[in-house]
Amino acid sequence: MHSTSDNILSAVRIEKGFPGTKALDKVDFQLRRGEVHALLGENGAGKSTLIKCLTGAYRRDGGSILLDGTEIDPRDTFDAQRLGIGTVYQEVNLLPNLTVAENLFLGRQPRRFGMIDAREMNRMARELLAEYELDLDVTRDLAGYSVAIQQVVAIARAVDLSGKVLILDEPTASLDAHEVAMLFRIVRRLKARGLGIIFITHFLEQVYEISDRTTVLRNGQLVGTRETTDLDRRDLITMMIGRELADEIHTNHPSAGDGQLRYRFRNYGRRGHIDPFDLDVRAGEVVGIAGLLGSGRTETAEVLFGANRADSGTAEIDGRAVDLSSPRAAIRQKFGFCPEDRKTAGIVGDLSVRENIVLALQARRGWTRPISRTEQNRLADHYIRALDIRTADREKPIKLLSGGNQQKAILARWLATEPEFLILDEPTRGIDVGAHAEIVRLIESLREKGLSLIVISSEIEELVAYSTRVVVLRDRAHVAELDGERITAHNIVEAIAAANEGGAS
Amino acid sequence: MTATVKTYFGRLLPQLIALAVIVVAISMVFPGFLNLQIQNGRLYGSLIDILNRGAPVVLLAIGMTVVIATKGIDLSVGAVMAICGAVAAALITSGHSLAETLLATLAVGILCGVWNGILVAILDIQPIIATLVLMVAGRGIAQLITEGAILTFNHPGLIFIGSGSFAGLPMPIVIWLVFGVLIALLVRQTALGMLIEAIGINRQASTLAGVLTPVLLIAAYVLSGLCAAFAGIIAAADIRGADANNAGLWLELDAILAVVVGGTSLLGGRFSIAASVLGAIIIQAINTGILLSGFPPEFNLIIKAAIIVFILVLQSPRFRTAFTFVRLPRAAGKPTEREAK
Amino acid sequence: AELVVGFSQIGSESGWRAAETTLTKQQAEQRGVDLKFADAQQKQENQIKAIRSFIAQGVNAILLAPVVATGWDEVLQEAKDAEIPVILLDRTVDASDDLYLTAVTSDLVHEGNVAGKWLVDTVAGKDCNVVELQGTTGSSPAIDRKKGFEEALAGHDNLKIVRSQTGDFTRTKGKEVMESFLKAENGGKNICALYAHNDDMAVGAIQAIKEAGLKPGTDILVVSIDAVPDIFQAMAAGEANATVELTPNMAGPAFDALDAYLKDGKEPPKWIQTESKLYTQADDPMKVYEEKKGLGY
Amino acid sequence: MKQKYLPLTATILIFVLSYALCVMQFPNMLSTRVIGNLLTDNAFLGIAAVGMTFVILSGGIDLSVGAVIAFTGVFLAVVLEQGGLHPLVAFALALAITTAFGALMGAIIHYLEMPAFIVTLAGMFLARGMAFVLSIDSIPIKHPFYATLKGFYYKLPGGGRITLIGGLMLLVFGVGILIAHRTRFGTNVYALGGGAATAKLMGVPVARTTIGIYALSGLLAGLAGIVFSLYTSAGYSLAAVGVELDAITAVVIGGTLLTGGSGFVAGTLVGILIQGLIQTYITFDGTLSSWWTKILIGLLLFAFILLQKGIIRLSRVERQHA
C-alpha cells in the first residue's frame, strides 16, 4: 500500500452537525498526490458538506485536516486558496455582476503602482480561457453568458488557484459531452503535474473514465474507499444506496403515444429568444428536447409556459385556442414547469419543504381558499415519501436541503397540482443514481397516466429511454424531429451534428 | 394545539423579554410607572399611555411588516398619515358626516397605497425610491390641503376616535388591537401570509409557481396605505386638528425600526405581525421611559440609540447562536446567509 | 421697473410660519413687488443655494428668514459684492452687521422674559412648580425662550422649573410630553403652571391636562408664545391664560425700510424690533381670534 | 456600448436635456455662476454621496451620514473655538473619529449579522445625540484659517467660481472612481453586492471589506462635515437633517441599484447635479408655494426615474431587434 506521505490531503474523523442533522459523522478521507479521487454518494450524503469543511467554508465540529503532512485549519475559503486548494463549489458560485476577467482574478488582480492593471488582467484572462477553447469577451459581465460557460469559467478559476489540490463539486452537471471531454483533458494534465483532485459527480461513466479511487459516503458516514478499477458498477451503486438498484434505466424506449392529439402549437415563438416552431403533443406522450448548450431548449420551455410571453403563433388545447401568456394562464390550463435553474427560479429558500410543495397548488386555488394545515401536511408527507426526499422533517427550510433533494421537492410542487402538461427542464441534473432511476420511472408512470410531458435533458441516453418523440434544437430554432424507432442516441447525435453542419440559420 | 401556541410564543419570546426588561428598568427609575387606575371611566396610567401613544407606530408597523415581507419598504407612510389627517379634517370641517369622512379618508389611504404599489409592482421601481416620491410629494399634498396651517375641528365623533374610550380602553388602543387582530387573522387564516412570504423570498420562483405577484405586491402597499390612513386619523383626532407639517414626520423610520425589533428581516420573507406590534410598543416604551426619566432632552437620542443597539444585539443571529449552542460555539457557519440577489 | 425681491423662507413647519409666508406675499402684492419665493425645507444649505440663485438671477433685494444664526457670512458677502441689499426676517444672524441692510425681528429672549414676568406676577409669591415644554432641541427659539423665561424667574424662589422636556414645537408631542409630566408629578397635583415655547404645544398640553381630569387655566396655569388663533379660543374658554405675540408680519416693516432705502438711500436702523405683546384672558380673546383667523395661520 | 453603461448614459442624457430645457426658460441659468454654485452648494452632499455609493454598491445602506456631518461640524466648532487647536489638527481628529465610527458600524453589521439599515439608523441617533451633547447652540467658527481656505477659488469668466470645496468634491469623485474600478477593494465591494455568500466562497475578505466600506463612508461623511463647516463657518447640531436621503436619491438617480453590485460612482455625480438642477429651477421660478415645491420635487424625481427606465427599456428592445 501507499505510505501516508503520499497523501497530499487527509481528513481525519471530520464531524459536522446542523440543527436536526448529522451531516458528517467522523469521516476519514485521503487524497493522494497525482490521483483523481471520486467522491460519491446519494443526494444529501454529505459530499458538499465535506468539501466545505475541508476548505473552511464551514467550520467543522471536530476532526483534523492535514495538507502535505502538516495540520491546517483554514478559517475561510481565502485561507484555503492561499494554501493551494482551488475549489468549484456545487451550483455556479461566481459573481454575475463582475466581468469574466474579474471573476477569474478576484482577489489577485495584477497591479501596477497599486492600481489594478485591467489590460494585463484581461490579457491573462483571455490566455487562461484559451486553454479551455473559449474565446470570450472577458470584459463583459458574467451574467451575459450561459450557465455552461459560467461553469467553465469557474473551473478555470479553481484550476488556476490550485497549487496542490483541486476540488470539483459536480462540475459537469451543466456541461455537454464536448466540454466534459475538455475538462477531463485538463484534469489529466493537472494529475500528471502531481495535483490531487477530488471529483464529485452523479455520472457513473465519468467516475470510471477519470477517477483512480472512489470514496463513498452514505448518510454522513464513510462507507469505504476503493480503487475504481476494482469496483464494478453494481457494487458501487450498492455502496451508495445501501441496497441493490432493481433495474437501471432500460433502453427500450416506449412506443409512440397513440393517445389523442391534445396540444397544438403553431408558429409559436418569441423574437430574440426562440424562432417560431410548430409542436404537437398527444396525451400520454413524452417529447424530449435535445440540443447543445445554449441551443434554446430552456427558451422553448419558457415560451410554452408563458414565463416569456410568445409574440407569434397560436396555442390550442383539444382544438380550442388558449391563452398561455403568463405562468398563471398556463397553470390554469393545467400546465406545470420545473425550471432548470432551481436556485433562482425554483426553490423559495426560506420556506419549508411543506410550503414549497403546496405553493403552486395554493397559488392556483387563490389566497381566499387556503389549503388546511392537515391537508398540507398530508400532501407534503405523501410526496416526501413518494419521491424519497431526504429531509429531517417537512418543516425544514428547503434551502438547507441538498441540491438533489431540492430538485425533487420542486417536482413534488408540480405533481401536487395534478398537471396534464408538464415541462421538465433538466429534471435529473445533480440527482443521484437511485433518484435518477426513480425520476425516470416517475416520468414513465406519468406518461402512462395520460399526461403530456416535455422533457429537456442533456443526457441523451436518458432521452432515448423515455421519449416517444425527440425534438432537436440548434441556434434557437427547432431543426429536426425523431420518433418511433428512429429515436436512438446515435440518431440524436447525428441530428445535432447534421444540423450543425447545416450552416447559418 | 399547545404545540402551536408554544411555537407562537417561542417566536415572540425575545420581544417579550426585551419589553419586560424595559418595563422593569423604567419602573425602577420611576416607581409610579406600573400604577393603573380608573379615571373618568377609563384606565389611566403610564402603561396605558404607552399603548395609547404607540397607536400610530403600531398601525404603521402592521402595514410595514407586510411590505417588508415582500422585500419592499414604504417610506411614504408618514406623509400618507399627514395627507389622511388633512383630508379627514378638511372633510369634517366642511360639514360632511363622520361616516363619509372616515370612508373617504380610508379611500385616500388606499389610493396612496395603490400608487406606491403600481410604482413597485408594475413600473418595477426600487421600493425605497418609489415610496420616496410620495414621501416628498405627499407632505406637500397634505400642506396643500391645510394650506400649511393646523386645521382644527370640533366634531365630537372624530375627536372620540382620538381621545374617547371603549370598555375602559382609549379608542386608539381599541382600534389597533382590533385592526391588528383582523389583519393577523386575515394573513394567517388565508394563504396570503405564505404567498407574501414566498414573493419576498424569491419573486421569480413565486411568479413561476403561479403566484399573482403584482396584485399581491400592490395589496401589500395598499394595506400599508390603509394603516397609515388609520394612523393619520388617530393622530389628527388626538390633537383635534390636522397638522400637515408635522403629523407622522419621521414615523416611517420608527415603523421600520419596530418591524426589525420585531425580528422580521429587512430582506423579506418570514414575518410576524404580533412581533412587529410588540416591537412598536417596545419603541414607545423607550420613548415614554425617556420622557418620564427627567433627563435633559439633549440626551434623548443617545439613550434611544443605546437601548436599541442593546436590544438588537440581544436579538442578533450571532448572539443567539452563541447563546443557544453554547456547546458548539462556531458551529452554524453561515447557513442562514441569503444571497443578496 | 418692477421691484424683484427674493424671499428665502425656512419652510412650512408651523402655522405661524405659514402665516408669515402668506403675509409676506400679501405685502409684496400690495406694493407691486415681484416676490420670488423659495422654500428651504428646513435646511440651511437650501437657503444658501436659494440666495446664490437669487444673486445669479439678479434680484433687487433679498428677504431672508434664517433657519439658524450662524454660517451666513460668505453668502451675505456675495450678496453685498453684487450690491443686493439683504433684510433678515424674524431672526438675526451671527455676522457682521454691514453685511445686511437691517433685521426685522422680535427678541426671542425678551419673549420668554415677558412670559416669565407674567407668571411671576400672576402667582404673586405663592409656591409654584413649573413644567416647561421646550421647542426643538437646538433651535434658537427653544434656546432663547428658555433663557428669557429663566431670567425672569431668577430670584423668585417660589417658582421652580421641575420638569423640562422637548415637545418639538408640535401639538402631538406637546400632548404626549404633558401626559408624562402629569404622570411624573403625582397626576399633575404637583404642577401649578405650564410654560410652552409655542402655542401649538400648549394646545396639545391643554388637552392632556383635561384628559387627566384637571382644569387647564385654573388647576394648571398655561402661558405660551406666538399668539396663534387657536390659543385665543382656548383663552376664551378659560383653558389658557396668557400668550406673547410674535407677529407674522415681518415683511411690512421690511418692505418699508427697503422702499426708503432704495428711493432715498436712507439707511434704516440695523434692528427693527417687533413688539412682543402679551395677551391675557382679559383682552377679549374671541375678538383677536376673529382678526387672526384669516391670516393663513 | 456595453449594457452596463446604459443607466449611466441615460442619466447623463437626461441631465443635459433638462438643463437645456431650463436654459430655454431662464437664459440666466447658463451663467458660470449657476454652474459654479451647482458645484459649491452640493459639495458636501456630493462627498457624502460618494461614500454612500460604495455602501449601496455593496448591498448596504448608511443612514448615519447626515448626523455624522452635523456631529463633525459641532465637533470642529467646539474644539476650534474652545480648544484652540489648529484647524488642520482638528480636521484630522474629526476624520479619525468619523472613520472609526463608520468602522465600528461596519464591524457590528458584519460580526453581529445585523441589517445595515438598523445599525446605521442607531448610528444616526447616536451621532446626532453626540452633537446635541457637545452643544445644542449653533457655534460660529471664526478661525482665520477658515477665511484663508475660503479665499482659494478659481474665478470663471462671468462671475462664477470653482471654490475649494467644489474642487474637493470633484477630486473626491475622481478618487472614488479610481477606488471603485482600479483597486481590489473596489472589486470586492462590487463582489459583495453581487452576493455576499458567493463572494465569501470566492475568497473575498468579507469582514475586512465590510468594515472598510463603512469606514470609508464614515470618512467621507466626516470630510463632508468639514466641507459643511467650511461652507457655513459654523457647527450646528440640527444641520444636515435628511442628507442621507438626498445622498441615497442621488446614488439611485445616478443609476446604481439599491440591491447592490451594479452602478457607477460617476453616475452619482450626475445624480447630484440633477438634484441641484431641480432646486435651482425651483428657485429661478420662484412662484411655488412651500407645498407645491415639495410636490414638484417629488414629481420631478418620479419623472427622472421613469425617463431613465424608459430609455433603458427602449435601447434594450432595439438591441434585441438589431
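A, B, C and D label the chains in the order they appear, each numbered from 1.
One rule holds for everything that comes next: contacts are C-beta pairs under 8 Å (C-beta built on N, C-alpha and C of every residue); 3 or more make two chains touch, one makes a residue touch a chain.
Here is each chain with its UniProt name: A = Putative sugar ABC transport system, ATP-binding protein YtfR; B = Putative sugar ABC transport system, permease protein YtfT; D = Putative sugar ABC transport system, permease protein YjfF.
Nothing here was measured: the structure is a model prediction, and the numbers come from that model.
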| item | value |
| --- | --- |
| Longest centre-to-centre distance from chain C, chain (CA-based) | A |
| Top chain pair, ranked by how many C-beta pairs fall in contact | B-D |
| Chain centre separation (chain A, chain D; CA means) in Å | 44 |
| Where chain A and chain C are represented by their mean Cα positions, the distance between them in whole Å | 71 |
| Averaged-CA centre spacing for the pair chain C and chain B, given as whole angstrom | 33 |
| Interchain centroid distance [CA atoms averaged], chain B/chain D, Å | 30 |
| Sites on chain B at which at least two other chains make contact | 143, 147-148, 297-298, 300, 338, 341 |
| Residue numbers of chain A (touch at least two other chains) | 57, 96 |
| Residues of chain D engaged with two or more neighbouring chains | 132, 136, 193-195, 198, 200, 261, 289-291, 293-294 |
| Pairs of chains, among all present, that meet the touch criterion | A-B, A-D, B-C, B-D, C-D |
| Parts of chain D lying in touch with chain C, wherever the complex brings them together | 26, 28-29, 31, 33-34, 37, 40-41, 44-45, 132, 136-140, 150, 228, 231-242, 276, 279-280, 282-284, 286-291, 293-294 |
| Sites on chain D touched by chain B in the complex | 59, 108, 111-115, 117-119, 121-123, 125-126, 128-130, 132-133, 136, 192-198, 200, 245, 248-249, 252, 257-261, 289-299, 301-302, 305-306, 309 |
| Residue numbers on chain B that touch chain C, as the complex places them | 30, 32, 39-40, 44-46, 49, 53, 143, 147-150, 152, 163, 235, 238-241, 243, 245-247, 288, 291-292, 294, 296-298, 300 |
| Chain C to chain B touching residues, read off their complex | 12-15, 17-19, 21, 134, 137, 163-166, 168-172, 175-177, 179-181, 183-184, 200, 203-204, 207, 211-213, 230, 296-297 |
| Sites on chain B touched by chain A in the complex | 189-192, 194-195, 197-198, 201-202, 204-212, 216, 269-270, 328, 330-333, 335, 338, 341 |
